[in-house]
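In the part that follows, the structures are each spelled out as structure tokens.
You will see two complexes here that share chain A, one where it goes with chain B and one where it goes with chain C.
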Partner chain A sequence: MSSVAEARAAPSRARPDPERARERTLLLLAAPALLVLGVLFVWPLLRLLSMSVADGTLAQFEKAALDSLYIAVLWDSMEIALFVTAICLVLAYPVSLWLVQAGRLGFILGMFFLLLPFWTSVLVRTYAWMVLLGRSGVINRMLRDWGLIEAPLPLLHNLTGVLIGMVHVLLPYMVFPIYAALLRIDPDLKRAAEGLGAPAWRVFLRVTLPLSLPGVFAGCALVFVISLGFFITPALLGGGRVIMIAMLIEQQVREFLDWPFAAALATVLLAATLVIYAALGRLTGGQAHAAR
Partner chain B sequence: MDLTVRGVVRRFGPVTALAGVDLTVAEGELLTILGPSGSGKTTLLKVVAGFEIPDEGTVRLGSEDVTLAPPRQRDVGMVFQNYALFPHLTVAQNVAFPLEMRRMPKPERDRRVAEALALVELAGYEARLPRQLSGGQQQRVALARAIVFNPRLLLLDEPFGALDRKLRESMQLEVRRLQRRLKLTTLFITHDQEEALILSDRVAVMNAGRIEQVGTPGDVYARPATRFVADFVGESNLLEGRASGDAAAEVPGLGRIALARAAGAAGDRTTLLLRPEALRVGAEAAALPNRAHGRIVETVFLGLSVKLRLRLDGGLELLARLPLRPSEPLPAAEGETVPLGFAPEDVHVVGG
Partner chain C sequence: MSIRMTRRGVLGTSLAAAALPMPALAQAKPDRIVVNISGGAMTNLFRRTYFAEFEKRHGIRVVDTSPVDFGKLRAMVESGNVEWTVTELGGQDFVRAQQMNLLEPLDLSIIDLSRYPEAVRNTTHTFPSSVYSTVMAYRTDVFPNNMHPKGWAEFWDVRRFPGPRTLRNHPVDNLEFALLADGVAPDKLYPIDLERAFAKLDEIRPHVTVWWTTGAQPAQLLVDREVVLASGWNGRFYDIARRGAPVAVEWQGGSAKQNAFGIPRGARNAVWGNHFLQVMTDPKLQAVYATELAYPGLHPDVMNHVEESVKPHLPTTPENLAKQFWLGVDWWTEHGQRAQEAWNRWMLRRG
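And then the complex of A and B:
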């Protein structure tokens, strides 16, 4: 790669290289976005991170590592993210399979319902879930009216509520990568498998499923990482009984005004996210390569 | 096993892809379906493979009616146009796939895979993934996978299209050798008439959802049954004229042409086929019963032969193909007028 680039770069001193010029133009087009990101995102992020070591020591990190509360919350957050990822995967895979072979109308309807949570504000969506899930909420009342339950099910202000709310928002992040991966599978491969004697379920297990794994990994990585930083949904639907790391960081800032410690926690979260992302990315990359 | 297709019709909405196809492939025979794109040959292949259910008609393998059987129950090996190798499985796993589906025990499976890979000269490639192979090697894997389970029928869907010319020719011969050796009943689909003539025991020429003619390559080339076949297979001079009742015809621009036999009742419209290689140019034309003069308007050098486009006085254009030997110069240059001639026996009355 580099040797090719060098070979091309050598004569370009004498004459203009159209490839270079094109790259420069493209960079120019991306410049405004890069500028906005740099000023409004990267700079504040670096400021925040530097706050965690503002006193010149790693004391803030030591505090985070030694206090079992923070470790426990980080662990809980990962567990919740893992649950959300697993539930999303189980729900999203059949939906993606259906979307790939659905007709035009089915596809539009499916997309509409999938994207609906994106078009609703987080607060509205979350309060709507509270109306549905509460002790005397729509779901509990309906189940009682039908005589299916006697006492209301505890659906709100606990883990169940948090999971329902989070899965609802995050489902599309799982569906789209899987859908895209399924769409990329050459239909002739399924035909070939069928022609060679495979019944439908074996075509699925031996051909469709393995070839869709890159999409599955990508979806899991997305959902897991986004879950890890969730704040509003667990705060409202968890009713204070489910605490995720983002809520803890917010608490440090709002209640104790302990910016350095909040910065340290944020750094830990960011680092954990990056590590998981890199690991999954490596797995996904390998898979995508094998599937090509 | 022999394949029998009877009265097969397949419609897609207002489009009739197959308009009543009858076809028999004898045991161990290689029959080619030759036709342009849109002629229905791919639909016919899908009906035989089981990926399409015909609206009317039957498909039989031997004595078994498989018209409605799902593909997995047909025992038909197929090589797809793009090979359709499983990209996540190794060469050996690809070839073992049909055996695995038939729940063959592993030791025998391994033995059969090794045999099949040896047949296509890919022993030693077992552990590779398809993307690590060249186009020709991928095709051999696809072929091995299609024959490893002793299919009742082998289907080849334009498998040579993606290969460069040299490789294509060697693969064609290899497939032919293998097919003969294993005595596989084979249905081969192509739009390449040259390929069809080289490979086939018999050729079925398809057009607009129908089979226009079935015959040996020699038959189809020398005695096309319809104007479409005459035009589609090989290069041709097609002359429109009227039969004179005796062994001759009247062709505008050429005058009276002597034929080997009558082309119909006097005054009947008739189409005559004169292959370019049957048209003589220069001195040897003088002794032939049918003669004319033409100006050379184009010369195309083809290596072993040269192709001339000749314009006659009336504006009629004829193609001639002359063998080329290094020692002999061309009979004439572009722009010159030369004598032309052809024998009555070399003129085929199309559909006659």
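And then the complex of A and C:
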């Protein structure tokens, strides 16, 4: 049996493999970027991680893993990141669908509003939300003037405020991957489905949605991972009640200079992120494959 | 042939330079020094006062950087790549900066502290730049006719003084305020009884709608009427009150502390850092600074150069100072991390 496989494999090994050559060229082209990443990102990251075990024991991890405070905050951070990802997804999908079929003017306008948060500093953006969402902020005053509410809605200095602020910043990270995936879908596929008598909702469920899943996965992974590291927005819009793990790491780094413990917390966060990332990848990857 | 001559010439010159007496090298002026401060309005004011004066006196340009970052200071010193000639030291960090050996000793033959208060005159590594205080502030339209809470016990009294409040999202000051509210005498605050402080904080917790993180927040929250009572740094309230906001400060129970500057260990032009700190001892410049930001320097003459109308807003005028306590920096240096963890845990406990 094995000789048959070998015999089958042999011709392809003998011929110069164009796929291989192409891969090698790409790798060569990517080399400078990989080198920069290695020196400026991977190496410092490894040094940071090694700091957590610098004393030769796992004492720092013991503290991070056994102290209920840090477990609770890590769990909260995951939950918030999940919320943000879900809200972004719900908002971004229709926006992406609309962008794909929008005219030139619509596209430019849409992109402008999506990218606007990128051009503003985090602090300015966050203070702007305070003006809008406060007890006597624009939104509450408007709702009261219209007689819709009597007491101001608690929109700021709680989880609601944090979610609004974070979704605002992270929405583009969800829109662009989904938009790119939708753009890649061959319009003929949709036309074929329609031609075979599928109603619009079925075309969407059986063709558009499955084919856009890689974009959805990429967007979710991006938003989730970036959410986990947020700390200025939750610190300001959460009114102190919302604590995310990045805020505690920053506290250890800057205020207490307890770098080994900060490194341990960062390692735990990184590990948790990678596990979730892998799980998400497997889940969505499997679905996308099945759809094909 | 000519090349060899040149080489020999170069060699000769460098030998001559090496043979020069040391003082000539020590006096070599850098073209600039780097001073790291908090940034914002403070930078503009430093530029107008201390930076301008230093540039005039010594002919060396001052480059400013910000923000003040204890972690960065440590990283700089430990990696031997010190960018700053002088840096401000935030909050209670100056004691730890010295303990962790992150600072050059000050040259008190350059910095003249002979007329400074005795408590700070014998400093070795940290320059006492100014005094600030965490104080209570209130809306004057909500509490008119001097009917506002006077002290932390009344701040805690939500029946007599209703309305949302803001306190800092940090154990420093708040634990002291809670103990004062609970009837502890100002001179009996330390060592802090954590359990008692947090039990008292439990009472005020539902009425604190915002736990602030940046210095601008409490002032803004008062202006927006998000809250009617706040704790915050006295200069921030002074600033908005001067610009017409209906906000005033109650000094009773204020937490006074000194701001400090230091020279990072291994700083390249440490000598000129000392000269810069000497410029900062000038009481006239300190008066300009106090008038603009309400953070007075510690030179005893500074009050002679400040207008009468400004004095009630400074933490160091005698009647204000009598109402405040000095923050226990030593206690916080030793127990800060433990207190912070207790604080985080308390924050997380209920909603």
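Everything below uses one rule, namely that the second predicted complex is superposed on the first by the 233 of 292 C-alpha atoms of A that agree within 3 Å, B and C clash if a C-alpha of one lies under 4 Å from a C-alpha of the other, contacts with A are read in each partner's own complex, and residues count from 1 in each chain.
What we mean here is this: a contact is a pair of C-beta atoms (placed from the backbone, for glycine too) under 8 Å apart; a residue touches a chain by one contact, two chains touch by 3 or more.
Owing to the predicted nature of the structure, the values given are computational and were not obtained by experimental measurement.
A.B. asks: Go through the superposed model and pick first if A:A235 touches only chain B, second if only chain C, both, or neither.
C.D. replies: second
A.B. asks: Mind telling me which of the two, chain B or chain C, contacts the most residues of chain A?
C.D. replies: After superposition, C is the partner touching more of chain A.
A.B. asks: Who does A:G197 touch here: chain B (first), chain C (second), both, or neither?
C.D. replies: So A:G197 only meets chain B here.
A.B. asks: Per the contact definition in the header, classify A:L27: touching chain B only (first), chain C only (second), both, or neither.
C.D. replies: It touches nothing on chain B or chain C.
A.B. asks: Based on the A-chain superposition described above, do chain B and chain C contact any of the same residues on chain A, and if so which?
C.D. replies: none
A.B. asks: For chain A, which residues are in contact with chain C within the complex?
C.D. replies: Within the complex, chain A touches chain C at residues 68-69, 72-73, 76, 127, 130-131, 134-137, 156-157, 235-236, 239-241, 243, 248, 251, 253-258.
A.B. asks: With touch defined as at the start, can you tell me which chain C residues reach chain A in the complex?
C.D. replies: These residues of chain C touch chain A: 69-71, 74, 96, 100, 164, 169, 209-214, 217, 220, 224-226, 336-337, 340-341, 344-345, 347-348, 351.
A.B. asks: Provide the residue numbers of chain A that touch chain B in the complex, in ascending order.
C.D. replies: Residues in contact with chain B: 186, 188-189, 191-199, 202, 206-207, 210-211, 290-292.
A.B. asks: Note which residues of chain B are touching chain A in the complex, please.
C.D. replies: Residue list for chain B touching chain A: 49-51, 70-72, 74-78, 80-82, 84, 86-88, 97-98, 101-102, 129, 131, 145, 149.
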